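Heads up, the next two complexes both have chain A, just with different partners, chain B and then chain C.
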Partner chain A sequence: MRIEHKSWNDPVLVATVAPLALAMVAFFLIPLLMTAVLTFQTTQYYRLVWTWDLKIWTEVFSKPHYWTIMMRTVTMALVCVVLTVLIAFPAAYALATRLKTFKTQIQILIIFAFLTDAVLKTFGWILILDKNGVANWLLMHVGFPPEMLNLLFTPAGTMIGMVYNLVAYPMFTIYLSLVRIDRDLILAAYDAGASRIRTFFEVTLPLSRPGLYSGAVLVFVLSLGAFLEPKVLGGGTSPLASELIRQSFETRVNWPLGAALTVVLIAIGALMLAACAAFALRRTSSTGRPA
Partner chain B sequence: MKKGTADISSNIGAMKRRSVLKGMGGLGLGLAAASSGFLASRRGAAAAESLNYMCWEGYNAPNIIEPFQKAKDVTVSIDLITDSAGGFAKLAAGASRDFDLVSSDSPWIQRMGPAGFCRYIEEADFADQFAEFYPQFRAPFEPLAFEGKATGLPTRWGWVGPTVNTKFDKLETWSSYAPVFDSAYKDKICLLDWGDWPIMPLALYAGVNPYEELDAAALEEVRKVLRAAFKNTRAIVADLAVAQKGLIDGSFRALIGGGTYATSALRMKGHDYIQSIVPEPKNGLKQGIIWMEATGLIDNGKNSQIAADFLKYIVSPEVAKQLAITDATCNLVPNSKAEALFSEAEKKALQMDYMWTAWDNSQFHTVAPNIDDMLAIWQEELAAR
Partner chain C sequence: MTSPIIDASGIVKDYGAARALHGVSLQIGTGEFVALVGPSGCGKTTLLKILAGFEEPTDGRLEIQGVDMRGVPAASRPTRMVFQKLALFPHKTVAENIGFSLKLQKVEKGQADSRIRAMLDLMHLKPDYLERYPAQLSGGEQQRVALARALVSQPGVLLLDEPMSALDAKLKKSLQAELKKLHRELGTSFVLVTHDLEEAMMLADRICVMRSGHVVQVGTPTDIYYRPANMFVAGFIGETNFLPVTATASSVGMDVVSPLVAAGKTSIAPEHVSPSLSANGTALLVRPETIRFVKGDAAPGEWLLDGQVEEYFIKGASTQYRIRIRGLDAAVIMDLPGSIVLPAVVGEAVRIGFDPAQAFLLSE
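What follows is the complex of A and B.
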């Protein structure tokens, strides 16, 4: 493959990149900058006062409960990443290798579930997880004691909702990686005497890493902003960062505080992603294989 | 063989996709043509004036808005709010220039006065409306006054107290908020996550009047009572339907922080065993809270007569009756003449036989000086849950 080196003096390149760059500046960088600027202001009688001081940042760094919620958010996001990948990988693997006959139908079903409004899906879980819900009804009918499951309004309930709403993302990215694996490589491994398990860990898993990583990143970023699931299924037992930010903006009408917490959440997310990217790069350079 | 099958199926799939896409294209063109025709007809029917109205759900009901639009040849553009504070913040951030009037919780209408974007109403201009109100709401109506001037008119009201399913609990049990902290009720209580609404009754139970200026000791009492309530609470729920479902099936024995706003619609649908009551005064401190929604005019420089006319319209007996009974919630209205328009079933659903008992045993929900401190405590204690 020939790599063509282009110069920024090339007007075609500039014209191609400019619309996207302008859109990014207008709709991402400027709002982000405005959010950062907002954190140095204060509110007085529910109105923004341009003061340029560090009052809000002092509050953010002196009140431990903000950090408790931030850490809980990151922990929940990481657990969600692990669970979604654990569920998505076998499903995507089966779809790519074993269920070829019904592949289209299954993909359509997954797309329908993916496109169904998250509000509907999340509220639907109430009917399943409630003490008097479908799950307990089924368990009771197979001989378990009544109201055995008590998952609604618990952190576990929140996690079930998050995993359910987000599992389609890694399922698709992993599936796309798996179908692009050259089947000859797998056959070569078998010819060389590798068992099915060894072939999976030596060939399939490393080559599916791009899909695995991109799915994990998508789930992590979306989990950091999870709002519906803790609100509807958590019942106040697992307040996460988005609810804290909403409360600050809306209920307390403290926009600088909401902006500061937003900046903190974005910074935590970006730092964690940077650390993961660095880890992946190190792994690539040490193994010589693409991560 | 398998590969061949896959090819055939993919060809069939492609054909199907193409025909589906063609069909969708046709449908899209049809919709575009239809919508352009619709827009054209809308433009042709454009009204002479327009009114920008920020309000809670219920105020925007077609049976309320459409007759006014027709009678006054005006287009009413609605901006629904889901949070009174959020609506106020939007106005304070500059949207007050775009709106003519707003219907929200009464403290946020009163706050428009000091915030500088209230178009005060002359009580003399609304004398006929005040005359129709119950005596408790007549001018000069202190909860909506700022520096002696009226910031709006009351439009709906009710009370906040324990909401109880009488199939499971006797009402007498809830003559105090004590069961909220009783281990016998562990994981059977639901707090409604509606801003300051659940905080105020619990503060009152702790012996703190949240509508007065609070010192550090009083705020510490609020913290203690919230912490104790959180320990015993099964869920803190923002969605009314979820809370109501739990109350009906008995998984919640009581809702705290919703009062009649959470009750009347259920009672209207036949669940008359659900009731909101007001606890007995404790150590001389009234434990109930009267909440009220109000509608105020916004000073946007237009001095719109149509906006003032709408204010008179929204509190008129017939409209007040419609505003009282909506799909989502049912509430009392301040217009005494509207009472005659309610059926006996509606009066029962609204607990009208109890309303003045509730009034007499309640504080009025006004601007609380330390509300931000209390909301911050709520956030902190919630984080520690």
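What follows is the complex of A and C.
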């Protein structure tokens, strides 16, 4: 849809958009600006000192420790995107095309699991992943050596929790893309002589791209801010960016440092999203509407 | 008919407990243009899908080019389909859409390109459309791309599932003309599904009229229009009149009498009698264009009816009158050549007449 040139002169449009625009400015842009301003201040004896210097930024750029954690966060987020999409796609595909009898029941179960409080679910995983937990108990009873899994308080444990808590997002977006594919397009591919596998790669997969991309973006953004899983399932052994930021604000009471790390995390996320958007647009712009 | 390219016999299709096709048999000759016509839900699209291989028949035998099609997937059949909503791949360019089947057959690139261009030429599409996407084309252009995509693999049979139902009347007419020309030039068998009998009559060599899973009549357009098997077929095209009569067999055909007509018994020649005539609801089919207003004496053998003008419609070249006759449920429809002076006005008592020997005797 093309926005009219004179949209500023349309009083109805301005009136309807104004509340949302004001709310965005008040609750998103201003705090963001305040965060940015905060990074140029310093602290002394746990007190904020109103100065204007680059002391905090010098610290951020000179300590590799912060960047190790940032890189770990981005890597974890990317791995989480890959894993969730790999799990979500077959599930969404089955829901959209294959399952007929229990489709509604399964959808309801997924929604229930999705809506259950994340804290509850994450602590639930402790019961499973613990050395004496359900997973090891089951494995032992089917003949594996006792205590073979040692996942709790490792990055792998964190990843299991993140994947579990986020997998529903790409499942929904991919499902919505898949159900929108006209069945006749699949038949047309068969009619032209394509096998089922060929049809999947020529028609189904390319047309589910919007759902794949939006699901991946959602998971990526949410993983960057993952806080609960590294804390509960990772046991704080390999903290991610959100834990680092929390520590800066709460434990060290160094607000300017926390703000600077926040800005770094937002910048990394935004840059990566911009790169992905450029890639996705290049691939899909041509399939859209008339120019 | 030349050797049949499609030989379907006793095709039955059940969807759960509902039976969509009740043992349909149909033969389609090589190079023939056959239209499957009927109201929605008559099973015409189901039959087309069975021909294409998208549906397996519950029972019956289908041969295409002499090969039993049981278990043969759509991908391996010598048929290509043009879908109702075209089903062009939105993420592929026009060239990729048309060339998709060639790519699957691993046709060499240069040869594939020249065949795609030849198709574009045949469909009167500009070469610079090749790099466009379907969404960038108009409805009529998309239609041509869909036809090109189906014809590029040189199928034995082209199946068309109401591909013109979404187009406006003018574009439809021009594409219908092109389709007919295309069929003549290519010599491919065409099977067209449509609910529009007029379209079927314009295009097809033979028409198969279907109703609730049965074939009602198969015949040339002339057969369907002038010698319909029953009232359903006769009523399917345009508006027409049925005059209930009692028919008895005689030495020269059928003798018919109507309680509404004073003239008495008239003999109908055998070629004006439906071959599937039954005793159930016998009627004379009187086409609107064969009825006239009678002002003076009746012509010899003419049947007369007295009534009142209910409504008239001036259609330009013709004027349609609806005459209410006492004893008939539906108004009698008559089409007169248009004239500058109206022959009758609403409410006027009129006498109308027609020659029963030119009418056609059928039943329900």
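Keep in mind that, in the parts below, the second predicted complex is superposed on the first by the 278 of 291 C-alpha atoms of A that agree within 3 Å, B and C clash if a C-alpha of one lies under 4 Å from a C-alpha of the other, contacts with A are read in each partner's own complex, and residues count from 1 in each chain.
As a working rule, a residue touches a chain if its C-beta (ideal position, glycine included) is under 8 Å from a C-beta of that chain, and two chains touch if they have at least 3 such contacts.
Everything numeric here is computed off the predicted structure, so don't read it as measured data.
In the superposition on chain A, A:F153 contacts chain B only, with no contact to chain C.
In the superposition on chain A, contact is made by A:G236 with chain B only, not with chain C.
In the superposition on chain A, A:R282 makes contact with neither chain B nor chain C.
With both structures placed on the common chain, the touch criterion links A:R180 to neither chain B nor chain C. By the document's definition of touching, of the two partners only chain B reaches A:R252; chain C does not. Measured by the number of chain A residues touched, the leading partner among chain B and chain C is B. In the superposed model, A:N132 makes contact with chain B only, not with chain C. In the superposed model, A:R98 makes contact with neither chain B nor chain C.
In the superposition on chain A, contact is made by A:S195 with chain C only, not with chain B.
Shared contact residues on chain A (touching chain B in one structure, chain C in the other): none found. Of all residues in chain A, those touching chain B in their complex are 45-48, 63, 65-66, 68-69, 100, 104, 123, 126, 130-132, 152-153, 231-232, 235-237, 239, 244, 247, 249-255. The part of chain C that touches chain A in the complex is made up of residues 52-54, 73-76, 79-81, 83-85, 87-91, 93, 100-101, 104-105, 133, 135-136, 149-150, 153.
Against chain C, in their complex, chain A makes its touches with residues 182, 184-185, 187-195, 198, 202-203, 206-207, 284, 286-291. Every residue of chain B that touches chain A in the complex is listed here, in rising order: 2, 6, 9, 13, 83, 85-86, 88-89, 92-93, 111, 114-115, 191, 193, 195-196, 230, 233-239, 242, 245, 249, 251, 372, 375-376, 379-380, 382-385.
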